[in-house]
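In the two complexes that follow, chain A is the common piece, with chain B as its partner first and chain C second.
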Partner chain A sequence: MAAPLAPGSARWVCSARWVCSARWACSAAAERPWRLFGAMCLLRLPRITQPLEKEEEEVAALMEQLELEKSHYSDHEIRKLEEEEQLRRKKESLYDEDEARGQTVIMAQDLEEKWEQKFLRFKAAPRITDADKSNDRKSLNRKLDSNLMLLVKQKIGNQELWLLPQVEWQPGETLRSTAERAMATFLGDHIQAKVLGNAPYGIYKYKFPRAIRTENNVGAKVFFFKAYLQSSDLSQAELKADYLWVTKKELGDYLKSEYLKKVNRFLLDL
Partner chain B sequence: MFALLSFSGDALLGCHRSYRSRPTHGIGRFKYLLPKEVPKRKKEKVQMKEISEGTEYQYGDINIQMTSYDVCLVEHFAQYVHRLCNRLSIRVNESYAMPTKTNEVLFLEERGSKMQLDAVLTTHQRVVQIRGLSSTFAPILLEIIQSNQPEGVHLLMKQHTEADFKSRLKSRPELEELLAEMS
Partner chain C sequence: MKKKLKKLEKAAPELIPIEDFITPLKYSESSRMRSLPALSPQESERRVLLLKKWCLFKQKQDEAEKKAIKGLVESQQEALRELRLESEELYQAAVRRDEGLFPFQRDGPTYTPPLPGYDPPEGKCIDITKVYTQ
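Up next, the complex of A and B:
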């Protein structure tokens, strides 16, 4: 747990500092040279567990075998053994009349066969879906065992970049509502997402290139917020720009290195 | 007299107690020197501990409830959550189990003779109670617990209320009737 813990505590400290500086900044609004953006990192939670490692599987098998050897017989198994005894005794000798009174209608063996047939009829949903095979990065059905994040293509300055959806902060609203607005602009209003907490998870600041830089506009700071996608039904969402759902490992394909470094700090990938 | 008794090798052999007339009578006594112990009262009524309300930056009492059909899974997960909170120095008030609920599932097949296949499902619930979770850390903790959640375990985090406390106690209808009659 060391890796996720360290950024967590560091984040806590830096978010406290952010709170102080934001309060100070709001009072001196005119002289601040930084433009603020609120970005939303929308996560789709994993739907199935990750496959076990080799050592984990070996340990699990060993423990199962140990437990099986140490455990007692269950009711069903005792019943089955008794009935097998009865059958065996019937075949060897003729004690039918004495034991016929305790004869049950359904034998334990029959029950087992019935359960087996039922189990064979059950078909589990596939773990690797079609979207996985076709590597369709736009669908939500891909990679059911890891977190999926929303990336959107946005125009910053004169470049088209892949980013987490962000929108500029307007004075008078909280940064969290900025992030929610960002989500709403890209995905429409009917998104059931749960924002976690009022504090941002990370910050990325960059200075504008010298050509655009002025006294009042040194650079921009982007504050990241996290939200969980509650429903996986995005049919109502009107996606205006290019979008992708990617895992943490695939982020490197799309994001710039500095940006990626800051984003990776707050992403938990277990 | 005493010498004769010791030679006879009787039951009085292992007896070193001095008689009352001896000067060393009562030589080993010490209980009268200890402070007086208050006799313990038999069964104290289970009092509800104060439920702290959170301030703006801290949550009060929070219950993390884990439910599942599988006992081992839910118990191990509750242990994991408890130890995680210990490591993250979050104060854990108590960690208890709610009574298990048993459900019988009956299938009514209507092919020929009406058969009833039974299945017995037991639902187990474990609760870990936490106090003093700061609002900046709460989403991180929630994320860690959610990403480590095993399959088949439902997770619920909610504020602790009096109703939650009362649900752990059994109601005594006869006592309530008598009390109603008295008042």
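Up next, the complex of A and C:
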């Protein structure tokens, strides 16, 4: 069902019925009215664990308690208990010369305190980084506990849109190499990304606005591929266009609704 | 000499003991048992209710994961169907197995991100695991 187009504006529509008629009309490979695009969804995987939910925290505490109850004393604990016993006896009775001779200077309690001090002196990197606080959407250090994906601003027809990087398919290459080429055009040749398989993950079909539509050029099909970013350092990449790294929830701020629906289907919620 | 060798070969090989499965005897002494106060009925009640809530939570989580995976598979099937309508050769190229994908290795997430410029303390690791030969 094609929605009516306002004159002079380009609105991307998706039509399922058109596919059936296209199939009967042009079954030969030569007359293809759809232009093919390969798009790459580049994901930066999370670097820290997600915060625990309330139930998870409660059950974790319960499991620790159960483990403690079912366990036996360890060597360190027995040593600690014996030394406490000795201290107590020392305080009660003053004649302890013969026991004091064989005693070691360092007690288990002192060791524990030393370890505690050493732990407190170590400062770990913060989980919420500076990029988080300033909401700098161009940096890769933001939102370290969720997936980040690359969005670039591309010119389609006469409109500048935020999209996953896409490039038109050239005859003679597979769609996967099209997607890799799309990644290379926007990020340069030196990125290490692991493409997950040869098959596309999703598809977005749209018909061109009636002004541009011809017999042989009805619309476009964008095939999405997924890749995991492996190198965390992108300083060598020359980004030629406007780009952003966003999480799945923030995609809604930038993508159009139909496009967003198709993209959300193949992105796991993280 | 040969008879002795034959006898040794005929005897069944000794099983290699798994060190982790044998509790050393010193840990089963009674002086090692903890003496903790008994659980109050409120505490045991709280524990049982918490485990029931956990059961429900995990069920919901599992269902959500399965639904997400199903959506993923459906989206891929749709993409492949459309691709097949376009051109058979592209479809065959897409459906082919990707040899370079597996084995895929990746370090999992940690609790805090890596500290830039952290110098770990020096030390030598001496392996004292016992190696048994048959």
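The definition used in the following text is that the second predicted complex is superposed on the first by the 230 of 270 C-alpha atoms of A that agree within 3 Å, B and C clash if a C-alpha of one lies under 4 Å from a C-alpha of the other, contacts with A are read in each partner's own complex, and residues count from 1 in each chain.
Basically, a residue touches a chain if its C-beta (ideal position, glycine included) is under 8 Å from a C-beta of that chain, and two chains touch if they have at least 3 such contacts.
This is a predicted model, so every value here is computed, not measured.
Peer 1: For A:P33, select first, second, both or neither according to whether it touches chain B, chain C, the two together, or no partner.
Peer 2: In the superposed model, A:P33 contacts neither chain B nor chain C.
Peer 1: Should A:A199 be classified as contacting the first partner (chain B), the second (chain C), both, or neither?
Peer 2: both
Peer 1: Which partner does A:G157 contact after superposing on A: first (chain B), second (chain C), both, neither?
Peer 2: neither
Peer 1: In the superposed arrangement, does A:Y73 touch chain B (first), chain C (second), both or neither?
Peer 2: Only chain C is touched by A:Y73; chain B is not.
Peer 1: Please determine whether it is chain B or chain C that touches the greater number of chain A residues.
Peer 2: Partner touching more chain A residues in the overlay: C.
Peer 1: May I ask you to decide whether A:I48 touches chain B, chain C, both, or neither, giving the answer as first, second, both or neither?
Peer 2: In the superposition, A:I48 touches chain B and chain C alike.
Peer 1: Once the structures are superposed on A, label A:G252 by its partner contacts, choosing first (chain B), second (chain C), both or neither.
Peer 2: In the superposed model, A:G252 contacts neither chain B nor chain C.
Peer 1: Between chain B and chain C, whom does A:L268 touch in the aligned arrangement: first, second, both, or neither?
Peer 2: The answer is both, since A:L268 touches chain B and chain C.
Peer 1: Residue by residue on chain A, keep only those touching chain B in one complex and chain C in the other, then list them.
Peer 2: 45-46, 48-49, 196-199, 268
Peer 1: What does chain A use to touch chain B in their complex?
Peer 2: For this pair, the touching residues of chain A are 1, 4-5, 8, 11-12, 15-16, 45-46, 48-49, 114, 147, 196-199, 226, 268, 270.
Peer 1: Could you list, by residue number, the parts of chain A that touch chain C in their complex?
Peer 2: 19, 22-23, 29, 32, 34, 36, 45-49, 53, 55-56, 58-59, 62, 68-69, 71-73, 78, 124-127, 129, 144-145, 174-176, 194-203, 205, 221, 223-224, 228, 262, 265-266, 268-269
Peer 1: Across the complex, what residues on chain B touch chain A?
Peer 2: 84, 87-88, 117, 134-140, 142-144, 146-148, 150-151
Peer 1: Per the contact definition, I'd like the list of chain C residues that touch chain A in the complex.
Peer 2: 27, 31-34, 36, 47, 50-51, 53-54, 57, 64, 68, 71-72, 74-76, 78-80, 82-83, 85-88, 90, 93-98, 101, 104, 106, 109-116
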